[in-house]
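Submitted below is the structure of interest, expressed as structure tokens.
Chains: A, B, C, D and E, in written order; residue numbering restarts at 1 for each.
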């Protein structure tokens, strides 16, 4: 079987259910592939791993992938299983935030490590500075959890619809006490969780062939997961070698993820791509990318895979 | 000067056994001894017979395993806590991070002498042991004999009524030794101190002491106690007097008797 | 025995100055000396006059700052590399983590003696210095004199033609000292070693030596070299002979002349 | 007096051999830079080879230092500047032999500088400081040549030249980060952590009860991993530098505790006996005997902690910070693939940490001047 | 000496201190966890009395500081009640971390000693290497750990070794610093003795420098083994946080499972304490063999 190494963006969880399902259900095997799934973590930059030859294909967010491309590591999007963005800002009602206009002077928790781009472009659209001055917002680099909100160290924090938001709920705060701003609704959504490979490797037809098979099987996995969320969550749990995930949380996550993947058959929607690029180039004084990327995605793989 | 001699050190049936990796070592057995106030007692005996150990017991650095001992009428521990003695170790034991001056100042600092007093005492004792000018040097910059003299100076710098001296003049040449012997006698005479003095030199023991304790090894015992009949005033040339020579030969006899390898 | 005495140590105008935190110290100046094969040379002089320093120069532990010196006709460094001498330090310098036996075995191990040979030599030298039975003890379990004897044993355990001994018998009582003096003389006589010997005892120096070097301090100089006229065969009671006493008094004169505080 | 050691002879020989194999390369088109330098070297090389072969020569050969230096001046620029010429191809073999020879020569120079005793005090001082500098420059040189010659993707490891450019263009950011992390978190945390470790060690020493009870528990604190502790500290002490201080305190506490306890046990029994004869109080014995004897150990801890504190503070910033600080910058710029910025930040950390260590080491020399490790190192 | 003293000398002091810490801990639990209960109550619009809050602070889902019994229960559940091979068993994760720690510590010790020997014996190394060894330690390991892992992965090394190397990186330094000092600690006269025997450098090393450096070595080893555990845990993050105590901590922290963090922390600390104590025993044994005065 052909060996494929997939580097995830984060730890094993339902966010990547499609790949685990495809592996577990033998979809990859059926295509003649032997896929190794490497979980990520807070210190793992998938672009770095792929540049260092540690993976054939990586899961990454488009802002980070495009930024990396501009830095000289030519990543190419070959498939986009996630149609919509799950990112949002979750605020405590008692902190007095009701609309984006109330952000001024507040402390906001943000993820960095390449995940801050959508936030930064949103803020620059709102005309808010992020350097902590009086007519801007104070930005905190948020850890991996929702403590800043619970400890009231920040007025709002970044959450994903499928993960952190529910942790806030689990911590005993009721949905009525929260105000959420989905990036999707604010018109600043960027594409998340796409599959990326190195451009020069795509020149090799054998590799291309392998990727076609891989995408085909992965999408099969995703669709299976959408329709059988509980089973998918179980498969994810089995693959979690830290033994730290709980069943309840993973099932719920799977449900939310299904909403995000629902609109996609795996092919990248060019309109979404354009919107993402536009949003990234607008980033005020320090735009994420400075020029329109060329060749940052290809439909060749998905076209062949979905034939 | 007191008229009735009070007992400064009094040992009854004293014994001390060290436990070592290959069996116990009897360092002292059945030692009976009285040292009176104002005595100058010399301990003499073959190497390893327990002289140092006995001094250490008096100084409360070693606990006897049998028998009883009092120092100044109290336990050695109380005597130590009253700072009633000064001790000169067989090795110099100077602290390498202090200059010679500072080493001498050490007990003075601990006992809370004033700065001016410290200075005066340092100068005086440095002069006494002929080390003037070496006060600012570090121990490793001195010769062996000079280090030993520095450690004598350290013990003489403060006023203890009892001096315990373990071969203080071992590494010194005859001339310096004679000089220091005289100085020590003068000091003793002037201050009415009690001195316990370990030496290997028979003439030195006889010249200095009012009482000579001869010890023998394995197990360490007191074999003879010789009271000196020499007058308190002792010029250096007393060492040629017949009285002196007679005492010396008695000590030599006692010493030889305790030795294992006589020809 | 060789007939023409070859020069084992030969110093010409030797000088050594230590740089210290408060200025230079002249430890040796203008030292001229020849030690011939088979000589027994004693160095005597007041404390701090440079005896140890001179021995250290011979042993290549200190580099002279002026003048020249040869040992066995070569530089001290080459002599050291040929392992042509044994050195007894003024302090015992035993390694605390080795038992007495192991301490004596140290040079033997380094010079590659066989295990059986090591054992034999350890037993022999332990016996020589009267420490049989103490081989398994650690240094701190021995008295000061016993430690010093152990360090002598260590230097005697291997066969060096030149022995450098820095006050080896300083901490020993007269009887042991006499015994070891005799043993040393016997050894010297039997093996035709050359011995450089630092001592503070005038009788010891006269009794042992064929040549006595008298030194004086600040700066360290050789003030007198006295050739002994005593015969090679020396019973202990030679020390009462008029010849002996005459040499002794000559040494005493020389010594006193170098001293700073004569009455 | 100086003779070449066998190592030095070896180095001279490979340098010389390389020199002749390098000539063919001079003709190739992609070599750029001052080539004539290589030819100027010829007489010097021959001179040195001649001398290195005459082993028994006893007089010093000061020219050898100059020769090594001249060799480096001639060849290092050539190898560096021709890196551009290779494009995406791999450099030829004799390019690499030249690089190896340059490194060998730098090491040779170091050997020479540190093994000879220069009469002139100035020259001696220069040699003293030159050695680490040359070593460092050779590391940087090798790094540059390897990353660019082997075309290592720069997101994995950028060449030093690139890091340097980034460094000088981001000074204000770097300074702000340095203030936040080093001046606030590291210094405070270091002082508190070392102080606490020291005080607990003293307390343990004072009371046998604590010694038996607290020391085993002290071991327990020894390996509270930063990763576990940092989020908790952020939770307790907030996002700003205070929580980093707490992490640094925890990291530095144990080395100090262990070393101080060992140091306090390092006095010999006779030294202690002396204090007993004076009936010195526990405190007097501590100040006048046991602390001085413990300094060498305590300084070990201070030195180890000077680097640990920095690592601790930086790592702690990975777990939540305001958007300034060296750790913050490193973690975010890795995500942004600005690896050159990451290394610029690391360079600042390395310089700051080394300077910190150096200051501690200088104080150590002054305080423990009497210790054989300092005394002997100076006289030998 | 006697058996009865074991209780008095060991168990009791530790017990008393432990008890004191527990009390402090419980008090801290109350103080740190009260605000959250107040807030919850305030949001629900109900007033709540202190006596009602108290028991609640002891059993929160996501406490700021979990109560000791919560941690103990979690440890009990994940060690004793769980088969060792299970991925949810703390023992399993501890073993993974321990193996990386021990390997890293071993390599680190050897490397540290070798460097110290080089530095003590070679002047060029002393002058040029030492500053850079120090500089190497100021590089935040977490920053370059991913690169190390990626690079090692690229050349085909993965699994235990990359983690162990990170722990090596942290642990060799205390050993270098301690051993340089220790190997230089023999007194001049002891060195002179070796000099007079014209002992070879290796003889001087084994018969003098090495034994005299023992107190320094063991002190350094204690610090190093503790740090190498920290290193192994740090090294577990960029390997994808798959397993080991580090992954456990991370996952706990990611999902805000304070109790899980604390139990992993305790496991790590217990592991460290055990390792340090083992080194301590070795130290005592060696000192005894070297005849050091009690």
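Heads up, the rule we're going with is that a contact is a pair of C-beta atoms (placed from the backbone, for glycine too) under 8 Å apart; a residue touches a chain by one contact, two chains touch by 3 or more.
Since we're looking at a predicted model, the values are computed, not measured.
> Quick one: which chains contact subunit A and subunit E both?
Correct list: D.
> Using the touch rule stated at the top, which two chains are linked by the largest number of C-beta contacts?
Result of the pairwise contact count: D-E comes out on top.
> Measuring centre to centre with CA averages, how many angstrom lie between subunit B and subunit D?
Each chain's C-alpha centroid was found; their separation is 54 Å.
> Starting from the mean Cα coordinates of subunit B and subunit C, work out the distance between those two points in Å.
Chain centroid spacing, subunit B to subunit C, equals 28 Å.
> Centroid from C-alpha atoms only, then distance subunit C to subunit D, rounded to Å. What do you get?
Inter-chain centre distance comes to 47 Å.
> Quick check: what residues of subunit E touch more than one other chain, meaning two or more?
64, 142, 146-147, 150-151, 187-188, 237, 250, 253, 291, 293, in rising order.
> Considering subunit D alone, which of its residues make contact with at least two other chains?
Where subunit D meets two or more other chains at a single residue, that happens at 156, 231, 235, 269, 318-319, 331, 334, 371, 375.
> Residues of subunit A that contact two or more other chains, please.
Within subunit A, the residues that touch at least two other chains are 42-43, 45, 48, 52, 143-145, 147, 151.
> Among the chains present, which pairs are found to touch?
A-D, A-E, B-C, B-D, C-E, D-E
> Note which residues of subunit A are touching subunit D in the complex, please.
So the residues of subunit A in touch with subunit D come to 42-43, 45, 47-48, 51-52, 64, 67-68, 71-73, 112-116, 130, 132, 138-145, 147-148, 151, 153.
> Could you list, by residue number, the parts of subunit C that touch subunit B in their complex?
18, 20-22, 25, 44-48, 51-53, 90-91, 130, 136-138, 141-146, 149, 166-167, 170-177, 179, 200-202, 252, 255-256, 259-261
> Would you mind writing out the residues of subunit E in touch with subunit A in their complex?
Residues 36, 39-40, 43, 61-62, 64, 86-89, 92-93, 142, 145-147, 150-151, 153-154, 237-238, 240-243, 247-248, 250-257, 260.
> Note which residues of subunit E are touching subunit C in the complex, please.
So the residues of subunit E in touch with subunit C come to 187, 189-190, 192-200, 203, 207-208, 211-212, 214, 290-293.
> Show me the residue ranges of subunit C that touch subunit E in the complex, using the header's touch definition.
That would be residues 56, 59-61, 80-83, 85-87, 89, 91, 93, 95-99, 106-107, 109-111, 138, 140 of subunit C.
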